Structure formats: structure tokens, C-alpha cells
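In what comes next, subunit A is part of two complexes: it sits with subunit B in the first one and with subunit C in the second one.
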Partner chain A sequence: MTAASTERPAAATAGGGAPGSRRRPAFRARHGLTILAFLAPAIVFVGWFTYYPMLRGANMAFRDWNLWDLTSTPFIGFDNFATILSDPVFPTVVRNSVLWVVGSLVPQLLIGFALALALRKRFRFRGVYQALVFFPWAVSGFLIGMLFRWMFNAEFGVVNDLLGKVGLIDAPIPWLADPTLAMVAVIVANIWYGVTFFAIMILAALQSVPEEMIEAASLDGAGKVRMLFSIIIPTISMTLLLTVLLRIIWIFNFPDIIYAMTGGGPANRTHIVTTWMINFTQQGNYGLASALGLCVVGFLLVFCAFYLMAIRKADQS
Partner chain B sequence: MSTTATLTSAPTSTEPVVARAAPRRVTIGGVLRVIGLGAWLLITLFPLYWIAITSLKAPGTISRFPLEYWPGELSIENYRGLFEQSNFGVFLANSAIVATTAGATATLIALLSAYVLARFHFRSRGAVLVAFLLTQMIPAFIALGPLYSMMSDLGLVDRKFGLVLVYVAISIPFSTIMLRGFFQNVPDALEEAAMIDGCSRLGALFRVIVPVMTPGIIAAFIFNFVNSWNELFLSVVLMHAESNRTIPAALNGFISTFNIDWGSMSAAAVLTILPTMVMFALASKWIVQGLTAGAVKG
Partner chain C sequence: MRHLRSAVAATAGLSMIALAACSGDSGDTGDSDGTVTLQMVESLTNPDRTTLIRGLLDDFEAENPGVEVELVSPPTEQADQTIQQMLQSGSGVDVLEVRDITVGPFANNGWLYDMSGDLESWDGWDALTDNARAVAEGDGESYFLPYGFYGLSLFYRTDLVDEAGFDGPPSSWEDLLEQASAIQDPSSNTYGYAFRGGQNANSNVVAAIEAYVIDGLDTENAFLMEDGSTIFAAPEAQDALETYFALFEEASPPSAVSWGYPEMVEGFNNGSTAFLLQDPEVIATIQGSDTLSEDQWGTAPLLVGPTGRAAQPLAVAGWGVTEFSEHQEEAVALVQFLASEGPGTEFAQANSLVPPIASASDDPFYSEGPWTSYVTMTENPDTYVNVTQPRDVSWWTEWIQKSDQEIQSVLLGEMTHEELLTSWDEFWTEKYAAE
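== the complex of A and B ==
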């Protein structure tokens, strides 16, 4: 520890109350042990059960690895990747994934923003209101899928019943059996689930907009719309960007609702990348599933790089 | 000192005094705001109401026209059927055991790592944080196959202990990030004072800081519990025997039969949602704080 102790002369203060006390070299070695001991369980768990399986998966992706025949799992190079890319379903899956992400994200953002603006000023039951609109978050994606599968049921579904009552439709619509409408139905379920997250994030950001700024602008005669676009949105733009990036990743990675509502059907028209991958897993074809998983990880890593860069930039400003 | 007071973003506190002091002018914007808030509340609650009311309809009436929006007679027949025709009691117990154990273990481990990541500056801190953040972007089911083969090698397939280990691992990163946000709002003078008085670092953490951070710890536990309670794909792949199934895996088994019995399905859904909803309702304020502290600050 000589190198460390010559770095800076030990502070003469005997008490540890000074804010810089943790950097005193005499305590360096003991801190190293504390850090290690406190971090070790977390690192062991995450490394062993999250990162190690991913590495194993990277190996599986290059093998003919089928659960039903584990006697031989030969190395087959890029064959699994070739199989995926040449699968006629692949272009549909990519198109569906984009539709799913964009179709869910934009309404979530707009409704979430509106909700946050409406919640910005305090009112008597705001706490209760927030707790109530927070409920979808307690429900698993799978069960949300089941809830909406039941509501979009062609025969006894409440959606058809309500639309019929209002006079919008004459005959029941087979939502989940229709190749186009099935995607609409799963996206509606996802919007219902995701608005709250946006609302919470944006509301927290809105509360960082200085009240004086808004008052000054309104004294200068700025209208509500002008205020929104010239003051509020520019001030919280970084939070908006981070939340949107995070949500894109989460929605992309969120197969539960689709899995429960349609299982990817009809005719693969609601299959997104992750439901397709789960399909391969359920068929026992871990080689194909891992290859697809590896592609997803690669795509996500590029995306995460952007996200982390954005965070760093946000930290600096 | 309470953490609640030190947090800048405490959006949930309602202060009737302020509400009363606000000018009571009826404006178009104000009316639109109330209508919008009301509409969204209705949209949010309706699916939950609908599944609850479906579960309480007498068998046979859920597929009868006109649909009843407020059934004339309520019945618990669907619930009785659910427990008689399936081992739902066993599934409930499995989920409760797995989610409680995994939730508590993950929260404790995350508390330690979050403390270190909030208080000390060391060379690999950034790397650890990035490694934790990345697991939030890359879902655990990406490695479903390899995880299964690894657990099978370890002899941990079809054992609750194995599922708990996996759930602890996937819960640690987010609760670490979330708890770190709470730690950063507790001044370090607090534990330094305790350490001068002779506490060890661990002693200072548990005797002085943990009591102050209770809301954050509860929020982290609820998050971990709910995630484990709701998790589907890992449970389906890792638990095979019916007696080992957690609720989501059991429900997944219900839908693979050709016709879904919506009566018992809705009853099962209500029983699954109810515990987590109660938790969220009781702790929504702290969960909101944890979310905003954890997700964006990173």
C-alpha cells in the first residue's frame, strides 16, 4: 500500500465526519475488501444466471442443438443464421416488429404526455388517481394478453358488444382471427399497459420545469400551445429521449401480450422477433432460438450504445 | 429525516390546502382536463372490472346475450370450479413461496450492492453499472435454451430452489439501480457518525440507513416480488411437474387446451392479480419514486 499512501498525505483530522474521508488512503485497503464483499453476491448471481447462459447461447447458436436429440449437437457454422434469414416468415416478422414498436410507442407517448400534463397541477384526489391508473403495472403481460383476448373474443367479447351498441359495427368482428385486425388488437392491449410508464416519467420531468419560467412566459402573453412547444418540451427533451429509447427496447422485447392473445397468428401476422424465438424454443430447437437470440442481442447492443451515450450526455448537461 | 422529504420528485403527495387555494375558474382547458382524466381512468379500470365481473357470473351466463354489464346474481361457482378441477391452491402456494423467497433475497443482495455503488468511487464501478443496465435491455428469455441446459447440468430443473436462484439473478440489477437512487438521497454523514460511535460498516448500514430507507426497500421488494410472481417463460421451461408449477405456468397450461374455459380462467386471473394490485395500491407512491429514481438516472 506504499504507493497508495504516498499519493496524498493523510488528513490530520481524527474525526471521520469530513465529506472527503472516504478517500483517505489509510482506509483504501479496507474499503477494497468492503466493496468486494458487498458486491460479490450480486455479481456472482448476475454473472452466473444471466451472462453465462448468454455465452453458452452464443455457442449453441452455431450448433445443431435440438432438445429431442441431445446425443449429437454438431458444430454447423452459420447454418442456423442462414435458416432464419431464408425463412419466408422472416420478412413478415421484421415488418410486424416495426409495426408493433411504432404502433405501440407513439400512442403511449402521446397519451402519456397528455396524462402527465393533466396531472401536473395538484388536485384533491391526485394521489388516489395515480394509484388507480397505476394498476395495469401490477398485472403480468401474459394476463393482460388474456384479459384482452377475452374482451376481443369474436362471439362473447365486450369490444364487439360495445361497438355494436354504439352502432359502429353491424356484425361481430373476429378480431384475433383477422390478419390485419389481430395486430390492432394486440397493440391496443399494449397501449393500455404502457401509457402509465410514460405518464410517470414525463410527470417527474415536468416537475423539474421551473414554475417562474412558465409564469414569465405567460406574462409575455404566450398561449398554452406555444408554452408547450417553446418551453416545456425543450426543457424536458432529454428525459423524453431517454424514456423513448428505453421504451423502444422494452416494447421490442415484450412478447407476453402477443403470446397470450394470438400466439403469433393468424398466419404469422402478429409474430414479432421475440415471439418467433419463443416459438423455436418451444419446438425444442435451441440452436435456431439461440441464433435468433444472438441477432437480437447484437441489435440491442448497438441500440444500448446509443442509450448510454444519451445518458452520458444528459449527465453532462 | 425521511427519504420522502429529501426526494425532489414526490409527485403523489396530495395537499388539500393547495387544492383549495387554487382559483376556481371554469375554463375550457379545465373541463377538457377533467374529461380526459375521467376517460383514461375508465379505460384503465374497465378491463380489470370486466375480468372481475366475468369471474363472478354464474356458469353459462358469460356466453349468453345480451351481455350483462352488471350481473343480476353474483356467483362464486367459477372459483369453486377452479379449485376443484385444478390444483390452483398448489399453484398459488408455489408462486407465493418462490416470489417471496426470491423477492426478499434479491432485495437484500441488491441493498448491499446498491450501497457500495452509491457510496464508493472505484475503478470498475462504471463497468458494473453498465453490466447491470444491459441486463435491463436484454431480456432473460433470450437465453432460455442455454439456461435450461445449464440448470439441467446442475440438477436444478423442476426444483423451486432453481427457479428462485434464476429469479434472484434477474431481479438484482433493477433493484440495485433503484436502491442506489434512494441511497444517493441519504447523506453519508449519517453512517459516518454511526461508525465513529463504533459501528461496523455493515452495522451502520442496517442500524442507521436501512430504517431511513424503508420506503425504498419496500418498493424494491414489491418490484422483485411482482416480477417473480408474474414471470412466465422461465417458469414454463424450468418447471415440468404439475405440482411444481407457478400460477403463470399453470395458466399457460390452461390455454394450450383447445377451448379456454373463460369462467375459471377469469377467476384464476382475479386471484393472480389481486395480491399484486393490493401491494401496488399500498406502495404506489414509493414505487413511483423508485421508478423515476432508477430508470432515468441509471
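== the complex of A and C ==
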């Protein structure tokens, strides 16, 4: 063994000989500072633009903080939280939020999966077709909401017009005026909007499914359904689970479509947590809005922790 | 170490730049050549309006060498919040659009400059209408100069009214119910009244109530009676609601529960509804209609109550100056320019507003066609009484949201008229008591 080769382990391992353990702290300090220096701009930006506003917002949650009257913003403890939890609209908002997430997510996943499988195969003009499918994701959610608001308009909207022309209805359906139908309408709009994201993510994940495995399964006589559940889904399961998690968070925090289509009405029946929060900000009551925001953050943190633990457990088993 | 020093230096430099950028200090808006740059922000943004304002600003710049104006035009939906954030940061705005619903809170927070001292010597003061001067004088502080007023009038279909056998448009709420019910024919997609059940539904309900209680109404605060009680506690308010909500039951499409401004205007514009209660800004939209010809529609004065009188709740907006502006002299000059006779009339006409300029009423633009109903109302102030609603209170938006939501509850049959009035009466009584 040469002198050089005997020195390498000492310098590279923490539990090495005396020379190595003496040099390591110096190495860490110098390079650590350099790394920190390079990271500092990002830390400053993230701290300034993300965490500082979050802390300011969290502070407002414990104050009587109304933008229309900032002459006094006293500390009021948990009063804002109590106001929100005791509001008669709160149970409706929670129920709607769950319905909004589940009702949007499941169809988005299924249709997005189907689209991704269809787009995986090579066919003529596949690129154009892909671009058309992915296009909605590039459009503002608020704009989508405005478009669907007119589409679902009872008297002038295309939905009732088409349903009438094919003979399914005799009289216009007041989609956005009926509490139940209004929720259906906003969910339909969100499904249309969000399918694209699942299609993009799943299509990307499908590229990781080995072709030879599909071919081998095919030669062994496996049908398409068997291949889907025994090869494709298990291979991309981690991507699917993380995409679902992301979408749950995003849909939960996505007020644009509802706000543009119904404004949370009629009579609060389509309010979800985030549209309700916008109502408070429009009142200038940032105290209530921030308290509600903190509740949302807390809920999503707990939910994500349980979800990720469940994924890990399933992965290990 | 050389790399480390470079990295630290670069980081420090970038951080300084970032922090300097974030500090938002607009103090240095004067260029080295002495040019003063004013930042002006509008809130009711639309492309045509922005183009018009830009043209007026160009005229101002031409008249005032050395002063430049940068116009900030946030999208309407986000404008109020954007302006609030700019004001809260204490920089970045010299001149801003101020509305009757924002002047109170903005002034309360110390964000608006009191121009009363500057207006004493302003030669454009005498050109303003009485209403405009009253708004500009405020309660002793002049926080904005109005660019126009929004007042309700009744848009109606002349042909449908004729076909239904009526001599002319309705003059009272009861007449409206009668005519709209007679015209209603859902089978041919024709509806009597463009009922407002969605956003800002409260405005028309309150207009109806005020017409019914006008004889005892406090015109300085049109949510209160002269005895200090709220208008919602008055017995006549119940009658007003009976008539008003009958319009929904008998003369409107069921989907009007969710109708806001766009649906109402579209309903009238495409020929589906016979009556529409709206601000004059709709005139320009209807004049551009592809469906309605000029002789198919007109406007009538605001509907009166049982005693033959109506309360006209004029909404108003204008231009003001920020307290923290470092160029207040130039900013005030700009506001005065925009409120002066020429630019003020041009702006009001282009945006279909009731003008703040006295001489504008002589203009054929206002004395002919759809504007005649406004002239009628102006010439009969005892019948069409100008009233002030408490739109500057800090809880106004909370009121809007609450009242709109509860109106939808009534329309859905989940709340009675009595419960609605009781809820509103309690809301205003408690708010005033807590002041």
C-alpha cells in the first residue's frame, strides 16, 4: 500500500486517525461559509417574501385587525378563531370543502389517467393533440370560472341550450341558482380544468414503465386490465400518490373558479374555506382571514403528515 | 478564501439590492433634470377608460412641463386590494381613485391628503354642480374631487310595454310589478324584470325600501329614519319587500337568484328582459347592442313609492391625493385638472356618468335620448330626493356580503321578509351602538 492510499481514508472518514479529525473542522467551516454565502440570497428572498409575510399574517390572526380601521389593532387572543368556529356558515364551508376536493379529485384522476394512457401511444398529430389537452392548465382559473359562469347561465348558456336541443330538458335548469346544482356546476368546471394536470404528470410517469416488461407480459398472455393493475399502476404508484397529495392541497386552496362562478352563493352554499377567506379580506377583516388561514395551514400539515406516513408504511409493507 | 470573499461580497450586494427594492421608497420620483414623476392609480379599470385617462394625462403633461404621470391600472377585481396594499406601504402612489365606499376607511387610516386649503383658490370650483361641491367639501375635509355620479334609472323596452297595452313606462314600484308581470312569458324566453339576486342584490332592495319610507327618511343617512331608527324597522319596509320580491316570483327568471351585473345587463341587452334598474354607465352598452335598435328602448326616472316620491342614492367617485405624496402640489394640480370643466365633462360623457360639471347639463349629450330621465330627476328634486347612504362606514363591505347572502336565502325560501328586516335592523343598530 502506498503512502497516498493510506492517507485517503483518514481524510475522508469522520472516525479516522488523528490527522483527519484535526483537519475536518477547518474544512467544514471554510466550505460551510462558502455554501452559506451562496445560499444567502435565496434564504433572504424566501425569508423576506414567504416567511416574513406568513409571520405577519399569523400575528394578525390574534388581533382585531381591520384594514378599514387601522387606528387600533389590539391583541385579542383566540377571539378570531372562536368567531370563525362559532359562525353558522362554518359547518357548510367545511362540508363544501370536502365535497369540492373529493368531487373534483376523483374524476380528475380517472379522466387524467385515461387521457395519459391514450396519449402514450404513438399516433398521427399526437403532439397537437397533447398541446390541446394541456392548454387549459395555462389559462387563469378566474377566467375559466367566468367562462363556465356563462356556459351554465340558465337562459343564455350553452349547457342548457345543448341539453334542450337534444331533448333532455324542457325548461332551463337554473344551475347557479340552485344550491345543489351550483355545487355540481363548479365541480364540473374544476374537473375540466384539473384533468390536464393529472394527464401531464401521469404521462410523464408512464415513460418510466419499461417497455420490455409490457411486451413480456403481453407475450405471457396478460390482458390490458391485468397489465394496468399489475405493471403500470405499481410502477408509477409513488408518482400517483404524490400527485394526488399535491392536487388535494391545491384544490383545497383553489378559490378562483368558485369565486368567479358563484361568489360562494347562492346563500353560502358553494363557499369553501378559501372563498370564505376572501370574503373576510374584502371586508378588510384580515384578523378573521388570517385566523382561518392558520386553521387551513394546520389542517393541511396534519393531513400531509398522515398521508405521507401512510405512503411510507404502504411502501415498506 | 478568495472565492469566499467574492461570494460574500456578491451576496451582500445582492441582498442590499433586494432590500432596497423591497423597501419601496418612492421618495426619489424627481429626476435629475428636475422632472417630477407622479404615480396615479385607478381602480375601476377597463381598457377604453384607461385609454381615455391616458389621453387626459397627456394633456396635463403638455400643460405642465416638467411633470410626468405614470398611470397604474390594476385589474378591477384586484384593484381595491392592490391600492390598499400600496397605501399601507406608505409609498408608490401620489394620485388615486377614491370612491364613496373607500374614502371613509382611507381617510380614517390617514392615507388621504386634505385638499381643502388648495381648493380655496381653485378657479374650477364654481364650475362644479351643487352635488359635486357638497361631495368635495365632505365633512370639512376635502379628500377627493368627484369625476361623476352613479344614479339609478329604469331602462325599459318601449316595444314590449306598448305590446302589453301600457301607455308608457312604470313610474312606481307597483306599476313596475304590474307591467313586468304582464310582459313575462317564459315560453318565449321573455321576462319582465332583470332581477338582481347575486352580487350587490342589496342595492335595489334598499332603493325600494327607501322609496317606501321617503317621507320620514333622514336624507343625510338614508339607512336611518328622522327619528334615528333604521329604515328596516319602519312598517313601510315590509310593504316594499312584498312588492319587490313579488317581482322575482312573478316577473323574473328563476335563475335570477344568482344574477349579478353582467347577467342583468346581458338580459336586457339581448332582448330577454323588459326592465332593468341600473346606473347610467349601461347606456353606452345598450347603445352598442346588436339586438336592440334605438327605438326599442328608453330610460325612465327612478321608481317612486306609494307617496309618489323616490330616494336617489347617488354613488360617487373621484380623484384624491395621498398624504405621503412627496409632490402634493403637482398631485393636487393634476386632480384639479381632471375635475375641471373640459376634462371633467369629457370623462363623464365617455363613461356615461352623471356629470359633476354644471354646464354639462346644457350639452345636447345630456338633454336628449336616454339621458332625459336624469334631467327629469334633476329638475324635480322634491320628487326624486338625493340622499346619502352610509357607504363610508368601515363595515360597509361586511353589510354588502351579509345582505346579499340573506337576500338569496329569501329567494330560496329559507328566510321570511320579517326575518330579513329584523336581521338588517339589528345589524345596523348594533353597529351604530358600538361606534
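Throughout what follows, the second predicted complex is superposed on the first by the 260 of 317 C-alpha atoms of A that agree within 3 Å, B and C clash if a C-alpha of one lies under 4 Å from a C-alpha of the other, contacts with A are read in each partner's own complex, and residues count from 1 in each chain.
Heads up, the rule we're going with is that a contact is a pair of C-beta atoms (placed from the backbone, for glycine too) under 8 Å apart; a residue touches a chain by one contact, two chains touch by 3 or more.
The structure presented is a predicted model; accordingly, all values stated were derived computationally and were not measured.
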TODO: Using the overlay on subunit A, decide if subunit B and subunit C clash or can fit next to each other.
DONE: clash
TODO: Pick one for A:F156: touches subunit B only (first), subunit C only (second), both, or neither.
DONE: both
TODO: Could you say whether A:F125 touches subunit B, subunit C, both of them, or neither, answering first, second, both or neither?
DONE: first
Task: Partner chain(s) touched by A:F75 [first = subunit B, second = subunit C, both, neither] - done: neither
Task: Clash with subunit B (superposed arrangement) - responsible stretch of subunit C out of 9-17, 45-53 or 207-215 - done: 45-53
Task: subunit B and subunit C contact sites that coincide on subunit A, given as residue numbers - done: 34, 38, 41, 45, 48, 67, 142, 153, 155-156, 281
- [ ] Give every residue of subunit B touching subunit A within the complex, in rising order.
- [x] 8-9, 11-16, 18-19, 22, 29, 33, 36-37, 40-41, 43-45, 47-48, 50-51, 54, 62-63, 66-67, 109-110, 112-113, 115-117, 119-122, 128, 130-135, 137-150, 165-166, 168-170, 172-173, 176, 188-189, 192-193, 195-196, 201, 226, 229-233, 237, 248, 251-252, 255, 262, 265-266, 269, 272-273, 276-277, 279-281, 284-285, 287-288, 291-292, 295-296, 298
Open item on the list: Please output the residues of subunit A touching subunit C within their complex, sorted ascending.
Closed with: 30, 33-34, 37-38, 40-41, 44-45, 48, 66-71, 142, 153-156, 171-172, 174-179, 182, 262-263, 265-268, 279, 281-285
Task: Residues of subunit A touching subunit B in the complex - done: 15-17, 19, 21-23, 31-32, 34-35, 38-39, 41-43, 45-46, 48-54, 56-57, 59-60, 65, 67, 111, 114-115, 118-119, 121-144, 146-148, 150-151, 153, 155-156, 158, 161, 192, 195-197, 200-201, 203-204, 207-208, 224, 239, 242-243, 246, 249, 253, 255-256, 259-260, 274, 277-278, 281, 286, 289-290, 293, 296-297, 300-301, 303-304, 307-308, 311
Open item on the list: Quick check: in the complex, which residue numbers of subunit C touch subunit A?
Closed with: 1, 3-4, 7-8, 10-11, 14-15, 18-19, 22, 77, 80-81, 84, 88, 104-105, 108-109, 186, 189, 191, 197-199, 253-258, 260, 263, 266-267, 270, 272, 394-395, 397-398, 401, 404-406, 408-409, 411-412, 414
